[in-house]
Amino acid sequence: MSQVAELLPLYNYWITIFLMISGLYIVVARGNMVKKLVGLSLFQTSVYLLYLSPGKILGGTPPIIAEGFEVYSAPLPHVLILTAIVVGVATLALGLALIVRINEAFGTIEEDELFDRDDDDA
Amino acid sequence: MTDAQLVTLAVFLPALATVPISLAASRPNLREAISLATAATTAVVVLSLVPGVIAGARPETARFSIFAGIELGFAVEPLGMLFASVASVLWVVNTIYSIGYMRGNGEPRQTSFYVCFAVAISSAIGIAFSANLFTLFLFYEILTLSTYPLVAHRGDEEARSGGRVYILLLLGTSMVLLLPAIIATSVLAGTLDFTQGGILAGTASPVIIALLLAAYMFGIGKAALMPLHFWLPAAMVAPTPVSALLHAVAVVKAGVFTVVKVIVYVFGLDTLTGIGANEWLIYVASASLLLSSLIALTRDNLKARLAYSTVSQLAYVTLGAAVATTTSVVGSSLHIAMHAAGKITLFFCAGAIYVAHHKTEVSQLDGIGRKMPVTMAAFLVGSLSIIGMPPFGGMWSKWLLGLGALDAGQAFVVAVLMLSSLLSVGYLLPIVARGFFRPPPGETMEEVKVKEAPTACLIALMITATLCVVLFFLAGDMQLLLEGMFAPPAQL
Amino acid sequence: MRLDVIVRVTTKFFLPFMLLFALYVQLHGDFGPGGGFQAGVITAATVILYAIIFGLAPTMRLVPPIVVESMVPLGVLIFLGVGIAGFVTGDNYLNYSHLAHDQVHGQELGVMLVEAGVLVTVCGTMIAIFYTFADRGRS
Amino acid sequence: MIEHHLPALLVVVPLVAAVVTALIRHGIAAYVTTLVASWTLPVMALMLLGQVLDGGEVSYALGDWAPPVGIEYRVDGANAPLLVLVAAMAALVATYAPRSVASEIDIGRRGWFYTMFLLCVAGLLGIAITADAFNAFVFLEISSLATYVLIALGRDRRALLAAYQYLILGTIGATLYVVGVGLIFVMTGSLNMGDVAARLAGIENTRPIFAALAFITVGISLKLALFPLHVWLPNAYAFAPSMATAFLASTATKVAVYLLLRFLFSLFGTDFVFVQHPITPILLALSLAAMFAASFVAVFQEDIKRMLAYSSVAQIGYITLGVALATQTGLTGAMVHVLNHALIKGALFLAVGCIVYRTGVFRIDQLAGIGRTMPVTMAAFVIAGLGLIGVPGTVGFVSKWYLVAAALEQGWWWLALAIVASSLIAVVYVGRIVEIAWFREPSSRVRAGKRLPIEMIAVTWVMAGATIYFGLDAEFTAGLAGRAADTLLAGLAGPG
């Protein structure tokens, strides 16, 4: 019981871990390339949470200096994650573009079917 | 020129000659003239060093640092002097022979043949003059690589598979055993320089020393110590001049030369005998010596028989080094030269028979002596020298080997030597007997016509046969040279 | 949809305000939430809305693909250029202090220029992605 | 003045050039921009190296924000050689490129190709130069995204699959890395490597830090293709355009190796990683598996580029083996092999590029007789191949010497034997090419073909010549590697 009480307040990490593992699971388990990419996105998203949630200080305001406010949330994680989001979007866009071209070139985006065709090529 | 410059010149001259040789690819006469001129010049350069070395000079070149204390450099000492002289002198003869053989057989890609050959000789001389283990290893590997194209020269399946065995075994042993042994030496001794008395004394426990010795002995695959000998018969698919110079002289002798050099200058005779690490090697070398002689008896292919004979003769050198007395080591070193002259003659004859009559098996040689009297006479001379009869060079080296073994109290080695001489009588002389005393199939003795190999081949094999005799009389001088290995360095 | 008068008129009415809002978000980025990313997306949304209502071809006439594709590197170039301006004014790369007469204004100007670069790139990227996928399957 | 800005310029110049090529889009103009920009890089990198050799470290604060608050670019003994390597490879490959690229990539995409190449260069240089863990992630993704595009631009449609596969695995790797960095950030509140190293000192043995070590190690190992995380590599190298393959093979994995070294030695510290935790046996086992398994697989490949790719996986095993030993000699061996393998693989892939340009042949069995029809190219191939085997006189020997010596220093005879034994497999796969190339009659496919442009053959030979030159005069490379090892083992000082 005491362990649960200890771990419960860290729920933000539990969510991160859940998202991370489900994302990774989708990447591994799904044969459809688009679904894989969805999983990958989920996986990356979990990282945003990992960075952002410890940066929030309860009762803190956005980090803009103003009279009467002493406690600010950490600004740095937001900046980092903004960059990470851009990277994530770029990866997603590139992945989707690749999938479109794979579909044009092979006529399918299912991995097991692709591997069959791949063998014919070789 | 100073001696040091001459040493550098001797090593690099053949390598440099590859450029004009390749450029003259479309003009065979010019190409071969260049080869011959280079060979002659190299021999003169090498021989010009001999008197100085006998007098006690030890010319050294500047060292060129590679990394972390590993250096490239050359230094001449008596053993290397002998090996370099043998290789360079016989290269001249072999070039004459090659011209006759390659043209007579109409072999393809002769330019690459001459190029690879020059590189091989360059590296053989490099091995002979190397001042430390690294330099030796560098040229050792270049020698392996440059001779691979020569072995696979014909390009058919047999040649390719022979080449595969050749490169895998030689590169393999040197990479897997020799290289770690060298690195271990470097780690233990802190140096790789060849030093009188050895560099390993007192650096490691006797067990480690014995293991290192094993790594060296089997790592030097070119010495063809059984059971790592089978690359040599496989390499016999090469054209005969290759078998003659490389697989009777340069390559295999580079192997046993390295064996002697390592035992004398890396381990040190006293270190070895002091801890008894050499005992096992005596038995392995003896076994190798006798077994390969026995195999040679069973081989019908002439070149294969000669190859196994070579394996056996190489074991003499290793055996002498393993006995590790000064006399036996001098005998070993002398055997490098004596066997070279004898075996190259035999290979020249085998090649001459192939060029003239396309015969490769011993059983096809009935009456060959009547058709090729000069060739078979030379063959007889070579055989007798290998067997160790006076007045041929081979006698002296065996004599010294036996004396050395008695010094060390290894009487059984003497028995091995005598037994193997008997065996060599058994596998060499029947060929001569068959050639002279049996009529060729389908002909009678009277109607046989003389048909010898091209003149260039004949000249070459007559020179080497003569050399077998000359060496008998030069043995004293050579012994004097070699004993310099153990003399304190002369103050010049 | 092209015939739907209400949608067309409303859209035409909306577009300038959307652009104006984008500009507000862009310039207000210094003081509150906002900045080049958001403004770029809103600007791109304007173009995309136009394309949805009036069709791809007229949009491509209005905002040619070559312009869109040039916007992506152009924005990055603006950003890099501002950074390089730091060299020229004798500071380290990305130091905007000497872009204007004093440090505070210099920093402000630098950040504004950088945000402008971000706007151009983000807007260009968004429209480019839209063009690429909207254009597929037609030809 | 300009010397002071070199660290920033090294990254900014290829970035600006990438943007400019994207703007002009025209094939030839884009190429000229690429060429000019790439040749400024080695000059700058060498100047930086000179500064490091003279005066220790070079630190550059972006925007004059003093580290650890701002992003710091930092050049020391560990990354200066790597910068020189990446920059020099970029310049050489760019020189080699124009006609090779023209023959492999459609005219409309050439400008795009050069943009991606320059982005990749900028990303790799950025990873190597930055002292900020998150900045390294950004550069890692910049170079990776550019790499995915470069691979996808390959001729064969399977290039798309290879790029997709790499995209998935590469992104997972980068994300794992950034998770680890996040954990460190949460624990220390800093991203500056020197600052983190100092702040980690007291809190090493906490669970998040240990998790961070695991995440970062696995994440970077994916990028550097440590066996068994290498599955993306063979296809990626096999189907990418020749010039891209040559560049990636000689730089991309090497930069990832550097990043791993930086974290293991400089941030976490040798003691924490190698003494308190059993990283050595794990890394050693994986390295040995790579050296043997990947080499063995290489022997049976049909496609020459795939064969070389598997050989790359094996060679990475040698590098990680040196890392696993975690001694001065071992690290020197790893670092010198980073440089040496780059030279070797660069030369090999460039030679393959020449073959492909002239004959269009990839399959090994169709290369019969190629040694007689393209003797100059194949001679370069063989020289580099000998380097792969580790024949003395080539750079491969120098690496092997250090690795074996490092194993023997530890008294691990079996390891020394394993190192040399695995190089025997290289004899088999290199020998196979040699045999087919020279001792088979040339087929009609290798007889016909275009004339080989002079710049392709020249660059290939520069690389092949370098494998010999630095094999015989290794004081420079081994000296740099030794210095890098010292720097890494000494740990990282706080931000300066």
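Each chain gets a letter, A, B, C and D, in the order it is written, and its residues are counted from 1.
We adopt the following convention: a residue touches a chain if its C-beta (ideal position, glycine included) is under 8 Å from a C-beta of that chain, and two chains touch if they have at least 3 such contacts.
It should be emphasised that the depicted structure is a prediction, and the values quoted were computed from it without experimental measurement.
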| item | value |
| --- | --- |
| Pair exhibiting more inter-chain C-beta contacts, C-D or A-D | A-D |
| Most centrally placed chain - per-chain CA mean versus overall CA mean | D |
| Chain C and chain D, separation of their C-alpha mean positions in angstrom | 37 |
| Chain centre separation in whole Å, for chain C relative to chain B (CA means) | 80 |
| Cα-centroid distance, chain A relative to chain B, in whole angstrom | 69 |
| Chain A and chain D: spacing of chain centres that average the CA atoms, whole Å | 28 |
| Pairwise chain contacts under the document criterion | A-C, A-D, B-D, C-D |
| Interfacial residue positions of chain C with respect to chain A in the complex | 31-33, 37, 125, 129, 132-133, 136 |
| Chain C partner contacts - residues on chain A that touch it in the complex | 62, 64, 82, 86, 93, 97, 100 |
| Chain D-facing residues of chain C, complex | 70, 72-74, 76-77, 80, 83-84, 86-87, 91-97 |
| Residue numbers on chain D that touch chain A, as the complex places them | 134, 137-138, 141, 145, 148-149, 152, 156-158, 160-161, 163-164, 167-168, 171-172, 175, 178-179, 182-183, 185-186, 191, 302 |
| List of chain A residues in touch with chain D within their complex | 20, 24, 27, 33, 36-37, 40, 43-44, 47, 50-51, 54, 77, 80, 83-84, 87, 90-91, 94-95, 98-99, 101-102, 105-106, 114, 118, 121-122 |
